[in-house]
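One chain, chain A, appears in both complexes that follow, with chain B as partner in the first and chain C in the second.
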Partner chain A sequence: MAEVALDRESGGGPLRAMGGVIATPELATLRTAGSQAPGFGIRGWIRVLLADIRRDWQLYVLLAPMIIWFAVFLYTPMYGLQIAFKQYSLFRGIDGSPWVGFSNFVTLFNNEYFLRAIKNTLLISFYSLVFAFPMPVILALMFNEIQHNGFRKIAQTITYLPHFISVVIIAGLVINFLSPSSGIVNVLLAKMGFEKIYFLTIPDYFRPIFIGSNIWKEAGFESIIYLAAIAGINPALYESARIDGASRWQMMRYITIPSILPTVVIMLIIRIGNMIEVGFEYIVLLYQPATFETADVIATFIYRAGLQNNQYSIGAAAGLFNAVVAFILVYGANRLSRRVSQTSLW
Partner chain B sequence: MKRILSLALASALIAPQLATAQEAAPKIVDKPLEMTIHMHFRDKYVWKDDWPTAKELQRLTGIKLKNTASNATTISREAFNLLMASGDLPDIVAGNELRHDFVRYGMEGAFQPLNDLIEKHAPNLKKFLASNPEIKKAITAPDGNIYWIPYVPDGKYARGWFIRYDWLDKLGLKAPQTVDELYTVLQAFRDKDPNGNGQKDEVPLFFREPNSELQRLLVFWDGRSSGSDFAHDFYVDGGRIKHPYTGDNYRTGMRNIAKWYAEGLIDKEVFTRGARSREVLLGNNQGGMTYDWFASTASYNTSLKDKVPGLKFMAVEPPASPSGKRINENRRSRMRPDGWAMTVNNKHPVETIKLFDFYFSPQGRLLSNFGVAGVHYDMVDGKPRYKPEILNGKAPVNTQMWEIGAQIPIGFWQDYEYERQWTDQIALQGIDLYEKGNFLIDEFLGVSMTVDERQIFDRHMPNIQTYMLETMQAWILGSRNVDKDWEGYNAQLKKLGMEQVLAVMQTAYERQYR
Partner chain C sequence: MSSVHVRDLKKSYGHAPVLHGISLDIEDGEFVILVGPSGCGKSTLLRMIAGLEGVTAGEIRIGSRVVNNVPPKERDIAMVFQNYALYPHMTVAENMAFSLVLKRASKAEITQKVQQAAAILGLETMLDRHPKELSGGQRQRVAMGRAIVRDPKVFLFDEPLSNLDAKLRVQMRSEIKALHQRLKTTTIYVTHDQIEAMTMADRIVVMRGGVMEQMGTPLDLYDQPANLFVASFIGSPAMNQIPGSIGAKGFVADTGHVLPLPTSAVAQIGRSAVYGIRPEHMTLEPSGMPVRVKTVEPTGSETLLLTELSGPQTSIDITAVFRGRVAAAPGDTIHLQPDMAMVHLFDKETGHRIMA
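Entry: the complex of A and B
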C-alpha cells in the first residue's frame, strides 16, 4: 500500500501497470462510449487490453499472482456469503440449506448486545484513530530529526521490536504490569500514596489500556512507512530552504509534512476502512466478563455467540454487515479526501 | 524398522498367553475388512493405523480402520466441519465434543440410526444401555433414534477442596466443617501470618479457573454453579430444569462471595492471575485453599517438597451450608460428549456395530483402557496391571496411552482402575474421604434439541450467559451490589428470554428423560 502511495508521488510507471486497465484516460473515454454502443465498447476494450498486454506483458506477468490470489481467496468465497440469508447446515451444504430471507439480520439487530458490540467497536476504532493514528507520524518526524546516526538506528530498532512479539505475550505483560499486588503500575501508585487499582476489571480503563498498549506495540513499526516517505523527498528542497535561511522547524512544517501528507491520507483511508475490524485475539486475552461493557466488540461477539455455538448463518450475517459498513466508510473517506486534499486511493 | 521388529517380537512372545485369555471371542469378520474413519481429536491427534492398539484391534477382530482426517489442521472442530461440508463421508466419524453434531446431522440423514443394529448385533452395548438407562436417554435424539456411541468415563470424584493442613496445625485450628468455621479459618489465614514471613501476603482462597471454579463457592450457601461437567450449565431440581444463576440461594451466595472478596479472603487478583496461579501461590507459600483436581493438586506435595518445607495441602470435606447440606458439585461425568457414529456411506453396518460393541466387551475394554496385553500391561490375579516402564515413564500415563491409541475419545467404557494405578496416594486419600462422606450429587446429562428448539435456545442463551457473567463479576468485584440490583437483574433476564430458554429446555428434557 505504501508503495502505491509513494509511486503516485513520483507519478511513476508501476501505478499505470497495476491499475492501468481502469485508470488510463483513453479507457475512461472508451467506457463512456461503451455505454452507448455496448458491443463495440467491449470489443474495443478487449482489443486495447490485448494490445496493452502484448506490449507490457512482463508487467502483466508480475501482476498475475495478485489477481489470481484475489480471485481464489477473496472473490470465490463470496459465493458463500449467501448463507447469511439461509439456515445453513454443514451437511446439506450451501445450496441445500433453506432460504430464510433477512431473519438472521433481524435476529442480530434485535440483539442489544450486538448493538453494544457495534458501539464498542466504533468507539475503540474512533479513539484509536484520534490517539493511535498520529503516533507513528510523529515518531517518524522525530526520528528524522535525530542527528546522531547510531542513536537513531538503536531508537528505531527498539520501537519496532514490540511489533514482533506475539499478542499472547503482550497481554501477559500488560496483565503483569497492571497486577494489583505486584504490578509495577500499582506499586508506583502505592508509593505515591494512591489506592491500588484492579485495572483489568474496571470497564472505564479498558479502552485506554487496549489503545495504549497497541500504540506501544505498533507505532514504531508503522512509522517505517512514513520514514520511507520522508526518505523519498527530494533533498534539493531542503537545500534551497536552507539557503533561504529556514529553521529546522520551518523545514519540517513546510517541506516534510506536506510531502508525506498524501501517504498519511492514504493510510488514513485504509485505517477508516478497517474501523469496523478490531483485533479479536488481543481483546479476548485482555477482557473479562466484568469489562464486556466496554470491551465486547463485534469480533468477540461473533466468536462467543456464533462460532462457539456453530451459528454460521448469524456469523455470516454479521460478517456481511461488517463488510458493507467498511465499504461505505472507505468509499466515504476516499471521496472526502479527494475533495479536501486531491489525494485518493482511486 | 526396529520398532516393527520389536513389535513383532513382542506379539510373538505374548501370543501363547493371549491364546488362553482372549482368543475365546470370535473375530467379527473372517476376511480382513478395511473401513475408513475420520478421527481428529483434542486439536492434536488423528487415528493412526500403526498404533499398537489399532494393530491389536485388527488382529482380534479382523477390522482395520484407515484414517481419512488430515493431520495438517490443528483444530479438530474445523476438521469435522470441513468433512461435513465436503460431503465426502467415510464409514465412521469419531472425536471429542461431537455429541450435538451427531444428533443434528444424524436427523438430517448423515448418520445411520443404530437402535435396530444394537438390538440385533450388539449384546454388550445392549446390556450396557439396559443397565444405564440415563445414558441411553442422554444419547437418544429428539426423533427417538440413537446415532452415536459415547465415551463413558468411570470414577466418581474429579475436583475437591484442598486446604493447607500445616497452616491449620500451626494456628491451632481444626479442619472447617461448616461455612462459619471456614470463614474463621480463612480470616486466620489472612491475619495470623501462617507462612511466617512477617508479611500479610497470604491468599486464603484462590482459584486457577476463576470463570468456572470460583462459582463453586455458591454451594456453601445452598446455591449451585452448574449441573453438569460444563461451567454455568443448567441443573435439574425435582424434574424441573433450572439455571444456577437465578433464585434466592444464588442471591445469598453472591452476597457472601462479594463480602469474602471485599475482605480479602478470596484472591484479589483471581480473575487475571491465570492458569499457573496454583503453582505460583503454592510455590510462594501464599495460597491457603482451593478447589481443583484431586490428582494434580495432590502432586504439589511432592513437587514442592523442597521449596515449601512441611507443605501439607490435602483434601478437606466440603463444609456444611447453613441448611446443613454438604455436597461436592463437580464430579466425573458419566458420559462425555465424545464418541463415534457410522455414516450413511457405510456399507458394513453390521460389522461396524459389532466393532462398536467390541469396545464394550471385556476384551475391548482392556484394549481401549490399558493398551496391548503383554506390551503395556499384564494380567495379575485377573486384573490388568501396567508394566513398570509405563508407570515410571517420563510422561504421565494418560499421555502415554494417547500415544498408543488407548483412552481416546471413541465410544468406549473407561475403567477407573487405569487411573488409580498411577494416582498419588494423597489424592486417593482425598477421594476416599469424599467417598466416605458421600458428597456426590446427580448430574444433568444435557438434552438434544430439535432444530426449532435449538434456534430459540441459540437466539437467547448467548446473551443471557453474557449478561449473567458480567453481572456476577461486577457483584464479586464490588462495583455493583447484588441486593440493589436484584430486581433489575431478574427483569433483564426475563427481557433477554430466560423463560423461553427454560421452556425449550424443559420440553426437551421431558421428551428425553421421562
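Entry: the complex of A and C
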C-alpha cells in the first residue's frame, strides 16, 4: 500500500498531497514528495489538478462523496458563523441582524463561567493526554506479547466491547456503579466500614471518573490501530534481533516501540488537535450543577448558552473561538511533530 | 570459528515433513553453499542451524557443543537475511553496534569494532545514514557489517544477493568471497543460483525436496554428478540428457543414433540409461550425430546452439556451446561429436550415476 503511494508520489498532484493519512514509517517521504507540484501559482496548480483528474479520475470519484459531505454538512453551515459578529435575532434572520463587531467576544471573555469552561476543557484534555493516551499503546504492546492465540483473541474482544456500547448506557452504568444507595462501589465502601460517598456530586471526583471510564470504554478499541502498526513490522527484524541477542523486553524496546512511534506521533497530533473538544455528550450525561466547577467545558457552555438560554450569538462566538484555537493547535502540533520526528499529517 | 555438524536432521511443520534426515559435516573455516530449487528446504536447514526453527529430530552441533535447544543468541552465529532485516530506525552505525550494545560492550570496544567493520566494507562515510538512504548494495554491506562485528563462530547467509541486480551481484559475490578469505569464518550460504554456488563455495550441498542429493567441491559436482538431478542442476547451460540404452558399439539413443561410449561401459550392454553430455563437451565433426539447428545465440565470446536430434519416433533437444563464432543458421544440419572422456551415464530408472 505504502509502496504504491510512494511510486505515484512522483506525479506530485494535489491528491498526492492529501494522501498518506495512514501512519507508516514511510509517511515522512510521502509528505516531502507531495509538495513539489510543477507549475506556478494558482493557475499552474489548477492545470496540474485537471491533468491529475484526467489521469486518475477513478480516485477522484472515490473522493467525491467525502468532498460533498464536507461541503454540505461542514462548509454550508459555516455561513451561519457570521452571527458571532452580529446581534442575532430569530425574527430578522442571519442576514437581517445588525453587525456588532467583536462585542460578543468581549462579553464572552468577561464571563467568568466561560473562562472556567476553557480551564476545565484544557485540564480534562491534559489529564486525558497524560493518562488515557498511553493506554491503548500499552495495551497493544501487551496484546502483542501474548503467546497464546486463543487467549489473545478473547482478551482483545473483551477490551473492544465497551466501545460499542452507547455513551448513554455507559453513563448509566457509571451512575449506577457509583450510586450512593445501591452502587457496588459504595456497597463495598460501606462493607469495609467507610462512609458512603456521593461521587457524582463532588467536583474533585469528576475528572478521574470521566477519564477513567473513558479509558475503560475506548482503550481496547483504540489499541487496534497500534496493533495494525505492530503487525506491519517486518518479522525478520525480530529474528535478526533474536540472533543479535535481544530479550523479548529488548525487542519491544528497540524494535516494536520505535517502529510504531510514527503512528503514535500521528495519533498524538490528532489528539492534541482535539484538545479543545472533550466528549460533549458524555459530560452532559454525567455532570450536574454541583460539579460544574470542574465539569463544565466549552462545548457544554456553548450548549447551555446557545440552545438552552437562546444566546445564539454568544454561543456562535464561543464556537468560533473554539474552532480557531483547535485549528492553531492542530497546525502547531503538526509543525512540531515534523521537526521532532520527521512525521507529520501534511 | 568452528565446525558445524548436522546429523540426521529432520523437520516437520505439523504433519508435513520438510527435511527428511540431512547429515553434513562442515569443517572449520569452510565456505559451504546450500543450493537447490525453491522449496527444497534450504532456508529451513539454515534457520534450524541459526536456532530460529526448532529441531524435529536429529542433532546439530557447533564445534563440539550440541545446540538443539540452545537459543540463537547463545549459538555464537551471525545471520544475513535475504531482505537484510536492517533496523529501519537505526543508523548504519547503530545497526552494526546493536548486538554489542545488547551484550553491554564498552563504548570504546563498540566504536572500535564498528569502525573496523566499516573499513572492511567501505562504509566509513555512511555510518550516520539510515538504511532507507542507502542503495541495495550498501544495505547488503551493512547487513554483513552487522554480522562481522559480532566476530561469530559461523556466518549464515540466506540468499543475500537475490535482491541485487546482476552486475552488483557479481561484485558482491567477490566481496563476500574476499571477506571469507580474510576472516576465515565458517560460512554456510544459501542460494538457488548455481553460478553463485560454483564460484564461491569450497563445497556445495545440492538439495531437493528436503533430501541432500550430493555434497562435494564445485568441480566434483561438475565432473562427477551423483545423479541426473545434480547433473542438470550444476552447470550452465544444463547438461544434455539423451535417453536410450547401452549397446555393443556404443550408446543407442531412442532416436536410433549411436553415440560414442568409453569402453568400460560395454560391460553393461543392454542396460537402459541416460547419456549425459555437457553442451561445452561437444565438437563439430562430420562423424558426429546429425542435428538440426533451431536457434543460434551468440554472446560474443561463445555461441550457443539449440538443436534437435530427430529419430523416427522421437526427437531430443540438444544444446551445444562453442568458443568463438560458429557459422550456422537455423534450419542447417550440423554434426556434433561428444567428447568421449566427458560422457556421463545414468540409470534410467533411478537416475543414479553408472560408473563408467
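The rule is simple: the second predicted complex is superposed on the first by the 303 of 346 C-alpha atoms of A that agree within 3 Å, B and C clash if a C-alpha of one lies under 4 Å from a C-alpha of the other, contacts with A are read in each partner's own complex, and residues count from 1 in each chain.
Keep this in mind: a residue touches a chain if its C-beta (ideal position, glycine included) is under 8 Å from a C-beta of that chain, and two chains touch if they have at least 3 such contacts.
Owing to the predicted nature of the structure, the values given are computational and were not obtained by experimental measurement.
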Problem - Which superposed partner A:S181 touches (first chain B, second chain C, both, neither) - result: first
Problem - In the superposition, chain B vs chain C on chain A residues touched - result: B
Exercise for the section: Name the contact category of A:D56: first (chain B only), second (chain C only), both, or neither. Expected result: neither
Practice task
Considering only the touch criterion stated at the top, classify A:L90 as touching first (chain B), second (chain C), both, or neither.
Solution key: first
Practice task
Using the superposition on chain A described above, determine whether A:E281 touches chain B (first), chain C (second), both, or neither.
Solution key: neither
Exercise for the section: Give one of first, second, both or neither to describe whether A:P258 is in contact with chain B, with chain C, with both, or with none. Expected result: second
Completion exercise
chain A contact set shared between chain B and chain C covers none
Handout entry: chain C-facing residues of chain A, complex
Key = 25, 29, 234, 236-237, 239-246, 250, 254-255, 258-259, 261
Fill in the blank from the handout: Residue set of chain C touching chain A in the complex reads 50-52, 71-73, 77-79, 81, 83, 85, 87-90, 98-99, 102-103, 132, 146, 150
Exercise for the section: Spell out the part of chain B that touches chain A in their complex, as residue ranges. Expected result: 81, 84-85, 87, 101, 104-105, 108-110, 211, 268-269, 271-272, 274, 458-459, 462-463, 466-467, 469-470, 472-474, 477, 479
Handout entry: Touching residues on chain A, where the partner in the complex is chain B
Key = 89-93, 107, 111-113, 172, 175, 178-181, 198, 200-202, 288-290, 292-293, 296, 304-305, 308-311, 314
